[in-house]
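The data blocks that follow each hold one structure.
Paired with chain B in one complex and with chain C in the other, chain A is shared by the two complexes that follow.
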Partner chain A sequence: MGKLIVVACGAGINTSTMAEDSIKERVAQEGFSDVEVKRILMADIDGFLGRTDLIMVVSMMKIFRTFNVPVFQGMPFLIGSKQEKDELLDKIVEVIKKV
Partner chain B sequence: MGFLSTAVGWFLGLGSSLIVMIVLILLGLVFRVGWQKAVRGGITTGVGLAGLFLVVNVIIGALQPAVAEMATRFGLAKTIVDVNWADAGIAWGWPGVAGLIVSILVVNILMLVLRLTKTLWTDVWSYWHGSALAGFVWALTGGNVFLGILAGVLYLVAGSLMSDMTAKKYQEFNDMPGIGVPCGTTVQASLFAMPVVWLLDRIPGLKDWDASPEGIKNRFGLVGEPGVLGFILGAIIGIFAYGTGTGDLGITKILGLGMNVAVMMMILPRMVSIIAEGIVPITMSIVQYMRERFKGREIYVAVDCAVLLGHPAVMASSVILFPLLVLVAAIMPGVQMLPIASLAVVPFWAGAVVPYTKGNVVKTVIVLLLYAIPFMYFSTLTVDAHTEAFKMMGQYGDQIGQGLKLGSWDMGGDILGFFIQKLFGLFG
Partner chain C sequence: MLEFNESLIAFDLQAKDAQEVIGLLAGNMHAQGLVSAEYGAQTLAREMVHPTGLPTKPFCIAFPHADAEGVNRSALGVAVMHQPVKFQNMADPDEGLDVMLVFMLANRDPEEQIQTLRNLAVLFGQPEKLVELRDQATLQAVASWLRRELRLS
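Right after this comes the complex of A and B.
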């Protein structure tokens, strides 16, 4: 079964694209072939929470609720230095490997 | 000289989608994103721009006859067609866009070095607010690209100063250290909120009045869905325009208009998102480069206003505001545009206001009802330059020739933008 990562933002216009790009690039580098990175609106997230292949939520906003999968705040993708970005990507890769 | 003007004429004759494609590929190469990403980005944004104009074409075809019909039936002078984020098409498609991007980057670096601002404006996408205004001024001054760029830079500089004033509050409320949001009408909403909230807090009874955001979301959440909202508004306009028509009493036309407006509400932001997608590699490259240069200084890195939408009070306030704003715009004398597409900007305003109302829904609604009123009037007052900008870019010329007028709240109704347009209008 594939592994689904959703990148959620408020408008689905700009910020989630930046995170999606970075994660996809790293996923390709690591050679994961079963990982899907999907950009969504936070308002639509409930439709994804029930999916059994969901392994992670990356949020571009502050979250005022809890989820049953690991959640990462994706701000370093927008404003982080290369090092901060790589640290976050390392954590994400770790989760992908563990599942 | 002859050759040069022929070449420039040929280039401008390519149309906005091809122009933005070439401009972005060149900028991508200048900012070293790699040629593959540069090409992909340029084509993506060109496609988004073309798609945006297609959608707007659909909505003009559907809405213009309806508002005209309302005008003849009831004498309702609400004939401006609301295209809101179609302004992103002006922003990325007007001839001075490359000049504006480079100018604001240079000005921002200078301001940072001279410590005039703390906002590092690396989010190239959100330049669009300034670039759209620049496009209006370009149209207003009969095609003066230089004045357009000057106006755009002025607007964006003001944006970074406003971001300095609001960044700390945004950071605390949203748990996002290091960000700033210099976006156009969003950050202005915060400035507006400061004194109004201060006042509201001194009115007994109102001070502690609140509503539960979750309760509102559960009950009215459906209205917050752009497609549903669009369908309802389209159908209501349809009833006024075509109700009691011949045959099936106009029901076919009423439902058809509802569907067309729903199409616009859902597809317009998607197209804008495709435009933004192509710009992302350039943004990421600039962020990396600048972060290295300004290490160890307190800096607010500019991000898109979408990061402010997290709090539940944002959507709760918005669904209450949607019908209220349409109603107010409908009864205000002199306001010639019913907001439809423009309602999409309301959640962003709410995101900028909730840090100041501490998530209080009632206060957020009151602040934004007042804030929207100048937008209603300014979008009517700026409509000629706005429409002219579309025409000068080669869009909708035939319909505009027949009297079509295009308006928006974000950026047509923009408060700061209105005064900058007035200022530069003196040179026109």
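Right after this comes the complex of A and C.
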């Protein structure tokens, strides 16, 4: 079964794309072939939480609830230094490897 | 192709609030036929519900945008503020941020503008670059600085 990562933002098309792009690039570098990165609207998240292939939520907004999978705050993908971006990607890779 | 030219830049702008900045930048875009007449109102409506202020260092920035509807051609508008203007924090809408730079991206398709989005994310992450942009002496200097840093044609 594949591994699904959803990147959620408020409404727009731009900010979640920035995070999605960074994660996809790293996923390709690591050679993970079974990982899907999908950007969604936060309002639609409930439709994804029941999916058995969901392994992680990356949220561009403040996280105000709990999920049954690991959650990361994705703001560093927009405004973090290169080091901060890489550190967040390291944590994401760790989760991918564990599941 | 991303439209970017000097008429899309507001330099040393004195504005009382985010609404005024968004209205001005959207008006510049509309004057060139890049977006519909309603694009400013759409962007403002979205900003109210899903704000786009970002807590960058050493001062904050904002990244207002609406959906692709109303965008005829993708474009970037920029405001360099004379004094800070309040935008709410994207990550925490209850928090007001003092914004000195506003990047308004009218985007038809994020995939199409992926390289510009990448370059913006690199820029947003570098405090010394944001200061450099804020401190450009003229509107023309702002335009050429952005062309170079964002690799816009």
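What we mean here is this: the second predicted complex is superposed on the first by the 98 of 99 C-alpha atoms of A that agree within 3 Å, B and C clash if a C-alpha of one lies under 4 Å from a C-alpha of the other, contacts with A are read in each partner's own complex, and residues count from 1 in each chain.
Just so we're on the same page, a residue touches a chain if its C-beta (ideal position, glycine included) is under 8 Å from a C-beta of that chain, and two chains touch if they have at least 3 such contacts.
Since this is a predicted model, take the numbers as computed values, not measurements.
S.K.: Are chain B and chain C a fit on chain A, or do they clash, once the structures share the same frame?
M.R.: clash
S.K.: For A:43, is the partner it touches chain B (first), chain C (second), both, or none of the two (neither)?
M.R.: In the superposed model, A:43 contacts chain B only, not chain C.
S.K.: Looking at the overlay, does A:75 come into contact with chain B only (first), chain C only (second), both, or neither?
M.R.: The answer is both, since A:75 touches chain B and chain C.
S.K.: For A:29, using the defined touch cut-off, is the partner it touches chain B, chain C, both, or neither? Pick first, second, both or neither.
M.R.: Neither chain B nor chain C is touched by A:29.
S.K.: Determine, for the stretches 203-211, 275-283 or 419-427 of chain B, which one clashes with chain C when the structures are superposed.
M.R.: So the stretch of chain B that bumps into chain C is 275-283.
S.K.: Once the two structures are fitted together, what part of chain A is touched by chain B and by chain C alike?
M.R.: Comparing the two interfaces on chain A, one with chain B and one with chain C, the shared residues are 9-15, 17-18, 21-22, 60-62, 73, 75, 78-82.
S.K.: Inside the complex, what are the residues of chain B that reach chain A?
M.R.: Counting only chain B, the residues touching chain A are 122-123, 125-126, 173-176, 178-179, 224-225, 269-270, 272-273, 276-277, 280-281, 283-284, 287-288, 291-292, 295, 301, 303-304, 306-312, 315, 347-348, 351.
S.K.: Where on chain A does chain C make contact in their complex?
M.R.: 9-15, 17-18, 21-22, 60-62, 73, 75, 77-82, 84-85
S.K.: For chain A, which residues are in contact with chain B within the complex?
M.R.: Those residues of chain A that touch chain B are 9-15, 17-18, 21-22, 42-43, 59-64, 73, 75, 78-82.
S.K.: If we count contacts the way the header does, which residues on chain C are in touch with chain A in the complex?
M.R.: 46, 49-50, 52, 54-56, 63, 65-68, 90-92, 105, 107, 110-111, 113-114, 117-118, 120-122, 124-126
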